[in-house]
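Here you go, one structure.
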Amino acid sequence: MKKLINDPADVVVEALRGMAAAHPGLRVDLENRVVFRGDAPVQGKVGLVSGGGSGHEPMHGGFVGRGMLDAACAGEVFTSPVPDQMVVATEGVDGGAGVLHIVKNYTGDVMNFDMAAELTTAKTGVEVQAVVVDDDVAVQDSLYTAGRRGVGTTVLLEKIVGAAAEQGRSLAEVAGVARKVNERGRSMGMALTSCTVPAAGRPTFDLPDDEMEIGIGIHGEPGRRRVPIAPAKEIAEMLVEPILADADFTSEPVICFVNGMGASPLLELYLMYGEVATLLERAGVRIARSLVGPYITSLDMAGCSVTLLRADDDLLGLWDAPVDTPGLRWGA
Amino acid sequence: MKKLINDPADVVVEALRGMAAAHPGLRVDLENRVVFRGDAPVQGKVGLVSGGGSGHEPMHGGFVGRGMLDAACAGEVFTSPVPDQMVVATEGVDGGAGVLHIVKNYTGDVMNFDMAAELTTAKTGVEVQAVVVDDDVAVQDSLYTAGRRGVGTTVLLEKIVGAAAEQGRSLAEVAGVARKVNERGRSMGMALTSCTVPAAGRPTFDLPDDEMEIGIGIHGEPGRRRVPIAPAKEIAEMLVEPILADADFTSEPVICFVNGMGASPLLELYLMYGEVATLLERAGVRIARSLVGPYITSLDMAGCSVTLLRADDDLLGLWDAPVDTPGLRWGA
Amino acid sequence: MTTQDQLSAWVREFARQVTEHRDELTALDSAIGDADHGANMARGMGAVVEALDANPPATAGALFKQVGMTLVSKVGGASGPLYGTLFLRFGTAAGEVTELEAAGFAKAFRAGLEGVVARGRPEAGDKTMYDALAPALDALDESLDGGASLGDALRAASAAADAGRDATIPMLARKGRASYLGERSVGHQDPGATSVALLVAAAAATLG
Amino acid sequence: MTTQDQLSAWVREFARQVTEHRDELTALDSAIGDADHGANMARGMGAVVEALDANPPATAGALFKQVGMTLVSKVGGASGPLYGTLFLRFGTAAGEVTELEAAGFAKAFRAGLEGVVARGRPEAGDKTMYDALAPALDALDESLDGGASLGDALRAASAAADAGRDATIPMLARKGRASYLGERSVGHQDPGATSVALLVAAAAATLG
């Protein structure tokens, strides 16, 4: 295993220590592994808490700041944080207007956030709502799965919902925006290589030099199917087609997000974006905004995902609003 | 070779096509492979042109925009652009105040930019100056080398010099700021893995699973020495020590930049930043600003580099000034 | 009849076993999950043993609640709440006693199983820890009903847990991460069922 | 005496050879450079042949200037300006003629070498293309001075270029990217010297 780390057991806390040093505007609680906005809690504003396993950087810690999250809980690599962390985060961002938990749909994340919400409400009376993101079209949403995974839409959602909270909207309104974004977002991902979990020390799966995985999530889990490697043009089709088959994206402008899984360089991501944009144009989808880069990653996995979000004027306005976080920054 | 590409011969132009689609605020001349600010030439402002081989994204094309470069020329992967491109770029950004070429110190880049400057001046009379960046302490600057390579300082320089030009400073002043930044910046890099040049199809060098290269540049060239892999703490020492041995960084505040080589995830880069910050504190170096992420990459190489820039009030003010590019954005 | 010391020994033996089988659990989770089950269980049970050393609980109820709380606050993921709830409910059902009769032990353990069901809603055949735990508790009850000693009943339960674990191999996962794989989950042993088999084996090795 | 057709044939033969040896040149550049010399030369000479097909120059001067301009505007890197200048100076020295005497050919080629020196300032032993080119031109002059035919002289030059290329192996690089490697550059053959040996071999195969 080749990584810029010390003891694999210390990866998460040492990375948080580096984040704290690099971003003095954030307050990082190393003991509880929670990244806070420096000015949290913001009085009168709905507090936004997210979190999940580590290994997806910049998500979530890198999305803490004005116009986006108030706090993010960092779990072990690919392991949901524990309720204690979420309780600390929730209490720390409560500015009297309630707190929204943004949870990606994984059994562990959902169970731990549920426990945290119960605990916080019992302890402090803070009003907590949760929105569960489940946008991965690679997974069938049926009785026979744990439901769709939460992947790329989470990034767009945290930005947009962050802007809504910053505007002073109520908890019900902010939660409504979150649910709306989730309903309108769809993603599909692929991997050229496996990632290596530090504590495991070896790649999660073996992938021959001439094969790739289609329909992967963000935890190094194998995908839905393994196929021979293909040119970017064809990979773009394999990602875009199932998204367009799952929902209509022609009726309103979309935000198009091409995400890198961690080890795929920007050169390749832009090339992929070009392919995706061409396919969308051909399908009658109008791209209003775009995002290209590694924002929701899977450690050192090479590969990418595509997320489409059907927007409207409100969502576009919220997308364009100022944001000031380590991972996304504009207008500030 | 596992990459998100089509024909290796088309990588550069297809990635530029994607950039153009993703950033409608830029004007991308696909024919000449030049990325322009949408509003170039800006009348009365010194024009800033950089460029180099592709494979270092977001540098340089991702640094085009208000407060940074006016144009960037994209060469083939790891191959300096040709003079024709630079002539087109120089003419396209000339707003009457002259043009500065920002050139990384590689034989090919220097020769091609030289030819371009001669050609442009002969053809149009535009006043062109050049600054050559050579900040890599891994290379001895002597008669027996081609001089030090231009690496990480280039990113900081393009930001700072971009702000100086935006303020309306003269060509001589802007060039002076550029030389000052170059004199005050030092870098050192390392690789955990080789990169793979698309046209070559295989890794540039073979690196066993238990070894790493110290003192690499940004073109997949092997480094100064090969050593057993080591914990992040020790890697940080191997990078920071030669920098501090080369120049004094204790007399003024520094900008500290931990850069990813393309395939090292942000989790690891933040961890490295924590180690570097600890070493600097111990050495009496005061960090005033920081930058962490993959900004000057080497395709899909895993590894990192450290750059220190001794700043002063002017340089810090220019660093903090608004910038609006795909790769660096704040205050805008 | 199991004493407080034996119950602690069980917990410690489970900790020892998950640490010993850490890489195996991770390898199983690599195939159909995210390669962290070994690390999760080893981290959690390591913290449990530390807490036990620092603060040895006086009753069965206190012991298992402490185990459960520690797992909830140290593990995360799916296994943290699931194992945490198992032990919390076990402790509540056991009560503030220092000894447990065989029947009381079985009842408490079944309360733990019910906790897992309440949290994760697993059903038989979903390819989860439930598929090792439920048969183990059925075997335990059946053996005890048939007049077996707790030791013999736990050996039967352990055999049933092992069989339940093995039976997860051909199953198509319908809960947890493995469900994302659809047909590709078939042919792999469930990591959670594997750690549950260790839990029951540890009981057979230390109790009764 | 070489005709315009022969000179074009030389250029085409060089293009064929760099394409054939593309991977070898890249492998050499991987060891001590950045793995692009094969791609650079193949791309450049491919463009040269295209330009030749589209627009066959009438004179030696026009031919080599076209080759040089094409290389300057298609190759980039170090080899673009260096090979470009070599051919530009060759063309200028050759002049607007349709045939070249042996002496005129040698003189033009040496002008090309001087262009390389003016651009890159290589010295003997720096481990660059110069270390194959300079001995080749010395051998060419010496053979012609000794009364050899252009063909024989080019064969001697080609042998000298090959020897010069091989002699770069033990050298410590002092120019170009390989110089960054310091001692580690020793033991590797210079890619530019290798492509120059192909250039001279192509001349021996097509001229005189």
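By written order: A, B, C and D. Residues from 1 in each chain.
One rule holds for everything that comes next: contacts are C-beta pairs under 8 Å (C-beta built on N, C-alpha and C of every residue); 3 or more make two chains touch, one makes a residue touch a chain.
Bear in mind that the values here come from a model prediction, so they are computed numbers and not experimental data.
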| item | value |
| --- | --- |
| Contacts common to chain A and chain B (chain labels) | none |
| From chain D, the most remote chain by mean C-alpha position | C |
| Length of the line joining the C-alpha centres of chain A and chain C, rounded to whole Å | 32 |
| Euclidean distance of C-alpha centroids - chain C vs chain D, Å | 74 |
| Separation of chain B from chain C, taking each centre as the mean of its C-alpha atoms, in whole Å | 54 |
| Chain-level touch network, classified as line, ring, star, complete or other | line |
| Contacting chain pairs - touch in the sense defined above | A-B, A-C, B-D |
| Touch list for chain A against partner chain B, complex | 2-7, 11, 14-22, 54-55, 57-58, 62, 192-193, 209, 212, 229, 231-233, 235, 262-275, 277, 287, 290, 292, 294, 297, 299-300, 302-304, 324, 329-332 |
| Partner chain D, residues of chain B touching it in the complex | 9, 53, 75-84, 106-108, 111-112, 115, 138-140, 143-146, 149, 197, 199-200, 204-205, 217, 219-222, 224-225 |
| Of all residues in chain C, those that touch chain A in their complex | 26, 30-36, 38-40, 43, 72-82, 119-120, 172, 174-177, 179-182, 184 |
